[in-house]
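What follows is subunit A paired twice: with subunit B in the first complex and subunit C in the second.
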Partner chain A sequence: MATMTAPGKTEQPARQVPAPRSGARRSRKIRDNLTGHAFLIGAVLCFAVFTWYPMIRGIVMSFQRTRRGVTTWVGWDNYTRILADPSFWPAWRNTAYFTLLALVIGYAVPFFVAILLNELRHAKGYLRILVYIPVMLPPASALFLFKFYAYDPSDAGLFNAILRALHLPTSQWMQSAEATMPAMVIASTWMNMGSAVLIYLASLQNIPGELYEAAELDGAGLWRRIWNVTIPQTRLILGLLAMMQIVATMQVFIEPLILANGAGTEDSATTVAYLIYQHGFFQNDLNGAAALGVIMLVALAAFSAVYLRLTTKND
Partner chain B sequence: MSAPQYRRVAAFALAAGLGLSLAACSTKSDDDGTSADGKVTITVDCMPVGTEKELLANWNADVAAFEKANPDITIKSVSVGTQCNNPPDFTARLAGGTTTDVFYGYMTDLQQVLDSGQAMDITPYLTTDNIATWDDVDPALKGVFTDGGKVYGVPVKNYSMGLVYNKVLFSKAGLDPANPPKTWADVRTAAKKIAGADKNAAGYAEYSAGNTGGWHFTAEIYSQGGQVLSADGKKADFNNAQGKQVLQNLKDMRYGDNSMGSRQLLQWGDLLTNAAAGKVGMFVGAPDTTQAIVSQFKGKYDDWAVAPLPGQDGPAKATLGGGEGYFFKKGLTDAQVKAGLKWIAYQKLTVGKGQFDYPRAKPQNYPVGVPQPLLFTKDSATAKAEFELRKANANVDPSIYSLFEANQLPIKGEPANAQAIYAVLDSAMSGVLTNPNANIDQLLKTAEDKVNQLLTAGS
Partner chain C sequence: MSQESGARTLISQAQLRRGKGRFVYWTLLTLVVLGFTLAFVGPLYWMVTGALKTGQEIAQTPPTLWPKDPDFSNYTDAWSNLNLAKLLFNTFYYAAGAVLFQLVLDTAAAYALSKLRPILGNVILGAMLATLMIPAIVLVVPQYVTVIDLPFAHVNMLDSPFAIWLPLVANAFNIFLLKRFFDSIPDELMAAAQVDGAGPLRTLWSIILPMSRPILGVVSIFAVTYVWKDFLWPKLVMPSPETRTVSVGIYAFSGGSSMNEIVAASVIAAIPTVVIFLIFQRNIMSGLTAGSVKG
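For the complex of A and B:
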């Protein structure tokens, strides 16, 4: 068993490092790291200007209200108002449903596609390019393709033509409250799975071949090899991508915007991110939008913290 | 240069470059629009986009002629898309303070513009010195841009809704193009016949997304004699018999008769694209919609005609009226405001110039003879001059609009907070157009709750 070392402790007593006694030592240290710091400035400034500042500004705005160009502090008013919005809970329900479907479809499919590609002996590169091509398409173009060709509710639509050929009932796709979310997840999975497949492939190729040989000698079939070798060996990547996927899919926005022209039929496509957009850009309510953004930030941060804690504990 | 030195230089160059570009971004402009030689510069939006070749050429010609006549003024034109006020873009420009000096907006935008703190009170400048025809501009239209006795915008276009219909599809369905539907029951019958005669056409088409569904719900409830908000503007007032009738009419056509086509969740451009392709029999729209069908969506002008908005059992009780104008950005100098007003006067409010340059438009692929905008008070000298010039240069058959003009309906303006309310009402419209089992009562109740909540928040 490997010896575990508590974080922050070393097996050897720490070497005594004398505290810097003079400004000269400090300036020497800064000089030594100057190149590193200079390179860092770019990234830090970019984060500060485009991520941290807007985030802080959003939090501040969520407690303010601007009318007639005059901004006043209104405490929790924006939050109570947003919570009372009849679309608030449906938006969260829709978002959770999208996330769940994305986990079932969008998370599993790339993994199994990666396994399949990894097993192939021929045309590997060609097929990898094919899988990755949708990622290179601008998302708006890909979604318009789905909207006008695949999800056309008439019999001329691609998916309806396929369903009809198979003697299955056709669908109204984005015009059906029931089909809206699954249709959005299918389009989203097709658009995004290329990147996940590549990451899984890289991870799969790091699994030592002997493990599979040993499993085969023990009489393990394909599913047992996947269950007992592939999944345990890639669990770190699987865990990381699961969290990234959940956080990303909770912010789903462009799919309802383009596929459903916004809220979709009877609000069936309204997600939390779209509701933020609706408040901010259609209802002249940037402060309410900021409040909803903060609620989402807190929810996602809490989810990430719990998830990381659980997965770190297990590891 | 050694590798470490090279890296160090590269790092400093990167940091310095980034710092400088950020500094450039944050530099506050101290440009008051006046150059050393006394020339005033103003930026103006809503220039036609590149694909609207003739309109763009006209705009550029107007700018050149205006600058020649006013050598001390420079106009910098900005294009903001085919739909000059796409609500999300407009909101972003307002919030970011990136509107042009003189910026386009809908009549419904006054509140939002005032809330953003971007609008300038231009009341003292609104004289015949700056806009020669100002006294003839319809006071009702001036009132739309007025708040607390102060005027914040200049009206440049107005419209009222009617029933736009495709004469070719009417004839194909055995309907008389000279006798369009007068009631919603007539519309239903005609839609059924059109859809029956042409399998690729929707007898009647309707919006239900991008705020346009709510906009049309408003027009249609006006036709029923209803309203969207109570008289004091504090409560939703559409969850009633008139509101139900609007949705019921649509549901009957969509699912009872299957005469509205299968593609729904349409927005402005979607419907007009289909219409231009000859796939729409009828829709609610203003006369200038026919201009959009021709100039933007490449339709044929001769195919179309406009009738008054239908009512439930007879003529419509009222129709919806709206329009557009230009606001002035806060902080402009005296000279810039005057220059902006001069430009608007030239391009939008002078008979024979800009939008009223009918002799120029006549040979172009742009209809002349459309009975709107009606910016000037009836019987005023400017209104008469505009009418005469329009009549003399009409390049479309006047009968297209004769029914619409002969049966003028009372015009009701759009509700306060219109865009937000329209966004909510989109949901009710999409409900009846995409769900055969839609519960109209429930749809209206939900929309009512949302609008009331929105009004409470805005008060």
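For the complex of A and C:
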């Protein structure tokens, strides 16, 4: 994130021996600048063609319509068509629900796992490797495992077998509209939590031990120490990861695609990202997909702005 | 990960050494080690052994812990029916190219931004970092439209590996990581080389790069795992069966093949990244936290 960089952090000492005459110095300077830009050109071209230009193109496209190779300006037509799609509101509702559930499950769990791991003095390396292994699996592989073995709705499925062994009611998982979202969030959290755990662990290790010492001397119990020392000391990274996680989960795509064959039962799994994919690549409606993309961009930008405003106000 | 074992954390060392604390600590440690092994390796075990079971055995209740009669036919069938050799080769080829392009172009750019500092360098860096704020899904459609008809050149890049390689060069996170690393290399070293008559390219090659091996390693590993894990973009730009990546290929076959065969293929597809992780776990973990915490 751009906000994390500290521009001007490094000093910039004079790097050249001054040339004797000003004309020579100027031509030297021009040559140095040209060399610098020559080193930059490859990456800059890639950014220009594959990120900067598509960003503008996406906005332009959302106001155009291409039919049989002819592109015309159509004003807000794409937006009204997307808004009229019966899946539009379910998609936003599902995406919001997924994001919320992922925040409740997927956000708190890694933090507490990191606190727990930070207290253990043994098997540190082993436990770190364990939590990070799922991050390294190709998501498609991991999701097929969940789909076929874990979320098998019969009693032969892994989760149902465990639930039965514990004498708990079994679930239809992806076949039930209510269980679809929680099941997707569980799979997604399992796959992704490793990175968050490791980032939290690194920031927990930067907390000075004296703070805990002092809190303990003041009679603070375990929970008070977590609440009054650990959380305030890691607040920055907690806030940053919350925002990054929300922005990432709002784009949830592969989980519904593989686990729920895209839409799930009764649109229970359709997400905004999946709807973009549907419009763009199945309904031959790239313009509508671009319009939905712009709506997504505006929604996420608004969210980020509000979030940053709220979290920085406390400082 | 550079914590001295004596550092004070939430609970003091002394408390853990005393009678009750010690008991609680060891119980907790055992529970965590067992629980985490079950939670994170358990599903993988289930996946690997499940694909060794026959269709009947996998549908049996309660499920068996170890296949009664291990049967490798799911793996061999998956290998031949899905043409996994080709899919794995494709993915490896895209990953290798991505590493090459990122290392050459991103390193050069980061070097220019960090050491050569041409005019407008900071503006370019800002424009690059701003792309980190754009959600990937928003760019998918216009990027696809760009790739099927490249501006000015009017080339269709579908099924060409460049459609994977070149967009990956536009990785602001890499440039940021590399630039920050180069910033930490003292300019005096470069000045010394310049006095000896070395040009910028030579300075990069013989002074900067040898000192930057750790960060170059991190960038390479991330490029490989990124390509290996990516799904939507390769699915869109590599539509032909001959050019698919392994994840996309498995997905394409998931409708028509038996469940066990698909899981067997998923196991095979996951092996390379898991092996890479086990070999390079130190670099991966330090790279992950280096990029995100300090800054």
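Just so we're on the same page, the second predicted complex is superposed on the first by the 269 of 315 C-alpha atoms of A that agree within 3 Å, B and C clash if a C-alpha of one lies under 4 Å from a C-alpha of the other, contacts with A are read in each partner's own complex, and residues count from 1 in each chain.
Everything that follows uses one rule, which is that a residue touches a chain if its C-beta (ideal position, glycine included) is under 8 Å from a C-beta of that chain, and two chains touch if they have at least 3 such contacts.
This is a predicted model, so every value here is computed, not measured.
*Asks:* Once chain A of both complexes is superposed, is A:260 in touch with subunit B (first), subunit C (second), both, or neither?
*Replies:* A:260 contacts subunit B only, not subunit C.
*Asks:* After lining up the shared chain so the two structures overlap, which partner does A:225 touch, if you call subunit B first and subunit C second: first, second, both or neither?
*Replies:* Second partner only.
*Asks:* Between subunit B and subunit C, whom does A:140 touch in the aligned arrangement: first, second, both, or neither?
*Replies:* The second partner, subunit C, only.
*Asks:* Which holds for A:277: it touches subunit B only (first), subunit C only (second), both, or neither?
*Replies:* Both partners, subunit B and subunit C.
*Asks:* After superposition on the shared chain, which partner residues are touched by A:87: those of subunit B (first), subunit C (second), both, or neither?
*Replies:* After superposition on chain A, A:87 lies in contact with subunit B alone.
*Asks:* Contacts for A:185 in the overlay, against subunit B (first) and subunit C (second): which applies, first, second, both or neither?
*Replies:* Neither partner.
*Asks:* Per the contact definition in the header, classify A:42: touching subunit B only (first), subunit C only (second), both, or neither.
*Replies:* Once the two structures are laid over each other on A, A:42 reaches both partners.
*Asks:* Looking at A:123 after the superposition, I want to know if it touches subunit B, subunit C, both of them or none. Which is it: first, second, both, neither?
*Replies:* Second partner only, subunit C.
*Asks:* For the three-chain arrangement built by superposition, which of subunit B and subunit C touches the greater number of subunit A residues?
*Replies:* C
*Asks:* Across the two complexes, what residues of subunit A are contacted by subunit B and by subunit C?
*Replies:* In subunit A, positions 34-35, 39, 42, 46, 49, 154, 277, 280-281, 286 sit in both the subunit B and subunit C interfaces.
*Asks:* Quick check on the complex: what are the subunit B residues that touch subunit A?
*Replies:* 4, 7-8, 11-12, 14-15, 18-19, 22, 87-88, 91-92, 95, 111-112, 114-118, 209-211, 262-267, 270, 330, 417, 419-420, 423, 426-427, 430-431, 433-435, 438, 443, 446, 449-450, 453-454, 456-458
*Asks:* Which of the residues in subunit A end up touching subunit B in this complex?
*Replies:* 34-35, 38-39, 41-42, 45-46, 49, 66-70, 81, 84-87, 152-154, 172, 174-177, 260-267, 277-278, 280-286, 288
*Asks:* Help me check something: in the complex, which residues belonging to subunit A touch subunit C?
*Replies:* 1-2, 4-7, 9-10, 12-13, 15-17, 32-37, 39-40, 42-44, 46-47, 49-55, 57-58, 61, 115-123, 126-134, 136-142, 144-146, 148-150, 154-158, 161, 164-165, 190, 195, 198-199, 201-207, 209-210, 212-213, 216, 222, 225-226, 229-230, 237, 240, 247, 250-251, 253-254, 257-258, 272-273, 276-277, 280-281, 286, 289-290, 293-294, 296-297, 300-301, 304
*Asks:* So in the complex, the part of subunit C that touches subunit A is made up of which residues?
*Replies:* Interface residues on subunit C, with respect to subunit A: 1-3, 5, 7-12, 16, 28-29, 32-33, 36-37, 39-41, 43-44, 46-47, 50, 58-63, 104-106, 108-109, 111-113, 115-119, 121-122, 124, 126-147, 150-151, 166-167, 169-170, 172, 175-176, 180, 183-184, 187, 190-191, 194-195, 199-200, 225, 228-229, 231-232, 236, 246-248, 250-251, 254, 259-260, 262-263, 266-267, 269-270, 273-274, 276-278, 281, 284-285, 288-289, 292-293, 295.
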